[in-house]
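Can you read through this structure? Questions will come right after.
To keep things simple, chains are lettered A, B and C as they appear, and every chain counts its residues starting from 1.
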Amino acid sequence: MDEWIAEFIKRIILKLPFSQTMTILKAWGFLTDSELQTLTLRYPKDITATEVVRLCEAKNATIDHAAALDFVFNHAFSNKKLWTVYQMSKTSESENDLFDASEFKLQFKKSIHAVSKNVTINFKEFGEALWIRIAWGTHNTRPNQYKATFAVYHSQTPHVFITGLGKACRPLLCQALVIASKYSQIQEMELKSRCLESLKDIVFKRFNQPFSSHHSRPHEKALTQKIVDPRVTYENMREKERVHHLTRETFGEGPLPKLELASYKLETMFRAESIMGGNLTAGNEPFRCVVKFSSPHLLEAIRSLAPAGIAEAPISTLLSCIPHKARNSFKITEKRGLHPASSQPTNF
Amino acid sequence: MQNELNHPYEDEIALLQEEIQELTRQYKEVQTEAAFLSSANFKQALQSYHGIHIPDQERMKDTACLMAQIEDCKNELQFLNNLSGLEFTKYLKKTEHKSDNQAIYKHRLVGQCQSLLFQLEFQTLESKSRDNASQSVIDLNIIMECREQSDLSKFVSRVEERRNLLLFFRSLSSFAEWCECRKNTFAKFKEKYPLAVGLPAGASAEYMTLRNPQNPGCELLILWRIHIDDEGSVIPILDLLPKIPEQAVALDKSGVVEGAASGFRNLLRVFGIHGSIERLIQSFCCLSDTDASV
Amino acid sequence: MEQAQSLFREGVLSHLEQLEALSYNLAVKQEKQRQEWAALRKNQELVLELRKKRDELKAKIERHKAEIQAFRGREEAGEDHGSAAGTSQQAMLELCVEELKGMLEMHWLTGISGKRTKKGVCVCISTAFEGAYLDSFHLDIALKPSVGISRHSVPPFIPLEQIAKEHLQTDLKKFLSVLFEHLNAYAGRKYQFQQLQSFPGGFVRDAQQGNSLHTVLTFGYNVRVEKQPFCLRAKLLYGGVTRSLPTEAVITCEDNRPSVQEKISSHSSLFCQNPLHRALECISSEDETLNHSSASLLGTHMF
């Protein structure tokens, strides 16, 4: 076994939280149960890591095995990375396509290797998701296994979730994805998060959206707050109920996807009749301003703004449209509406 | 001491209240069922409402409010009817069994889809587990007048067997739509070419006849069946059957008559139903001026 | 003397104080008792009242039940029957509202239902496989000023955009029925895959769906041919996106003997004509009752 593979495996083990080490090793599936039984987990982690490497050396682990471990690790701790969503599109709708994963893999590898041979590509399926791991190298350097790019693709969908992609490798990966999945174009969406599952929920429309129907199974819960003195709190209650109702109408009652950030770039011209104004608009430069909202759980925070009395209900659509528009980075300019800067195809 | 004395009453009150709630629900149901069964149906109730003067102001207000609700619901139903193609005329839902995590309901439904009337009796089971609720049909009876349409009656019995209520509604809706389309098409051609087109069994029948007014011996039969397959897909099937006297067949050396059916099928593929029939009439019936001018 | 005086004074005062406290306590106690009695009385009355109400309800229910029975009897006899006795105008209207609301709710069972909103309609497309209702999908459709989908919960692998382009502007009903066919077939395929996974591992293994639309499905299963166990691999291809039964079933086995090949061809048509879990149930029961001719297992009469 190559020394650098041993080192690579060792570093992954060192990154694991102690309590999860065994779970990850089991999920990896390279070492058998009986081999894992011989392993005693103890501090410092170095000892455990060395022992795992020893077992791997005995079994002569290859780069593919190491990549598999990297998959399992990154799948389990996908929230350690920042994921970006890419959207693909095609000019003509093809007939029923019986997507075949093996053909996809073949095409993908072929189109990357046509340009650069010095790249390791691995695939692993986690349920419906196909994970792709690419370690890039140049013609005189070995592929850098520590800075691999991960792409997650669900067959027959136009979306790919990518993390760790350098600028230089972007065109190559995008081209390979488009060819393998039989699309014609790919574009980065203005949507990023650490929570991969939430990104999927947003673009796959799986998150809880409030829809009105006659068949209303989730019962609208009335506010349980008791009226102590009906004369005093009546107005207040009515207002509270209104706010709750509006909030429920916009966000629904279920859990919301997890995003950490939303940013709004504002560009506007300064218009004033005064001398000061004339001074300020010299050169016709627009004013630029960026507003950023951040929270460990941004949408949940936005939902609670009105009930908490911080903002008026209903909340501005600029904030509440985030999951529906599937973007958390906006550019607001004059006259032309919400997102003129984006050339992204409008997708309903 | 006294406080303890109160307890039995409080418990009993709670129990009674619960019981009354349940009984009220039951009462409502039997009331609905009685009304459903009685011929004094809602239409009558509504009609008599307009003729009766109710002096009590408060009651007037209540009734007006109810009338507004009824109006709203009716508009909404009309809208849904346009979307789904189904129209319900009578409906009754009754609780058969209820426990904490599951309930069985019995439904009786009378309705129609275009000109097809149906009456359904079915049971649904609603069960709730901690994280999801599910609903299924556990018994399904369909009463329908479909003796003339063998495809439909076969489909109905298959649906009953598999309790596929949803498929019944969807397929019935598209079946009825095709029937309507066929009727309209036949009627339109009859109107356009009254001499050439014959509808011996009416516009709603499965076939239409074509004949050349100058040669009444030969007739073409356009048979248009609406087939429902195992999975509930509705497919129109058109066939051309020539009815030609034997002497004429003997004269037909090049096999025109035999090839007519397959020729018609090719025509359908190219021009669609409407276009094919149109072309057929024009070529077969060699229209006289009086007929074509329509 | 002074001592005695003070003692006396204290004695009288404290005695008075004691008396005062006693009377106060007594008053409090009496008041409390009175209140409790009142509450008790009230509860007693409430219980009586509730019992009366309950008995009345019960009687009413009985009366209606008898009425219903009578109607039934007359209905069977084919007679025309009179109006429901004792139902007021008001109650009639209330019942009417209930029935209409029931109909609106019941539309959910038909596959395509909806509720009008300020701008248009919120459509609900429900799906089912046989009697079991599965996922529902929603679309918020604006009708004014122009027709368009404002929000929806349709998965991305359903060609919604394409269907909308073809039908939405011209025929909303057609649009919904085409979309329904796509969604219902997808839900049905997914349901069958889920059913497949619930088979015991000794019989079915390695069940894997090939894509998000569930149009390719592979699994292995065990059968006995001439008392010998064989492992067959099946690949089901669902060529029609609006269908929940496969258009092609490719079954392979390493063994080439004719008895196995015969089995394979019979299974292949079984898979194409029946829901997957039924076909497999049938195969496993066929295994148990060995002397069954495979031909009789085909066709629709079995279900």
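Everything that follows uses one rule, which is that contacts are C-beta pairs under 8 Å (C-beta built on N, C-alpha and C of every residue); 3 or more make two chains touch, one makes a residue touch a chain.
Not measured: the values here are computed from a predicted model.
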Chain closest to the middle [Cα centroid of all protein chains]: C
Busiest interface, counted in C-beta pairs: B-C
Geometric centre distance via CA averages, chain C-chain B, whole Å: 24
Rounded Å distance, chain A centre to chain C centre (Cα mean): 32
Centre-of-Cα separation between chain B and chain A, whole angstrom: 46
Contacts with 2+ other chains: residues of chain B: 76
Two or more partner chains touched - positions in chain A: 214
Touching two or more other chains - residue numbers and ranges from chain C: 101, 104, 107, 113-115
Complex interface listing, chain C residues touching chain B: 33, 36-37, 39-40, 43-44, 46-47, 50-51, 53-54, 57-58, 60-61, 64-65, 67-68, 71-72, 75, 80-84, 87, 89-104, 106-107, 109-116, 121, 123, 126-128, 130-133, 172-173, 176-177, 180, 184, 242-245, 273, 300, 303
Interfacial residue positions of chain A with respect to chain C in the complex: 93, 96, 98-101, 128, 154-159, 203-206, 209, 211-215, 324, 347-348
Chain A-facing residues of chain C, complex: 101, 104-105, 107-108, 113-115, 117, 122, 124, 138, 140, 148-157, 159-162, 164, 209-213, 215-216, 237-241
Chain C contact footprint on chain B (complex, rising order): 2-3, 5-6, 9-10, 12-13, 16-17, 19-20, 23-24, 26-28, 30-40, 42, 44-46, 48-49, 52, 54, 59, 62-63, 66-67, 69-70, 73-74, 76-77, 79-80, 82-86, 88, 90-93, 107, 109, 124, 134-138, 140, 158, 161-167, 169-170, 173-174, 230-231, 233
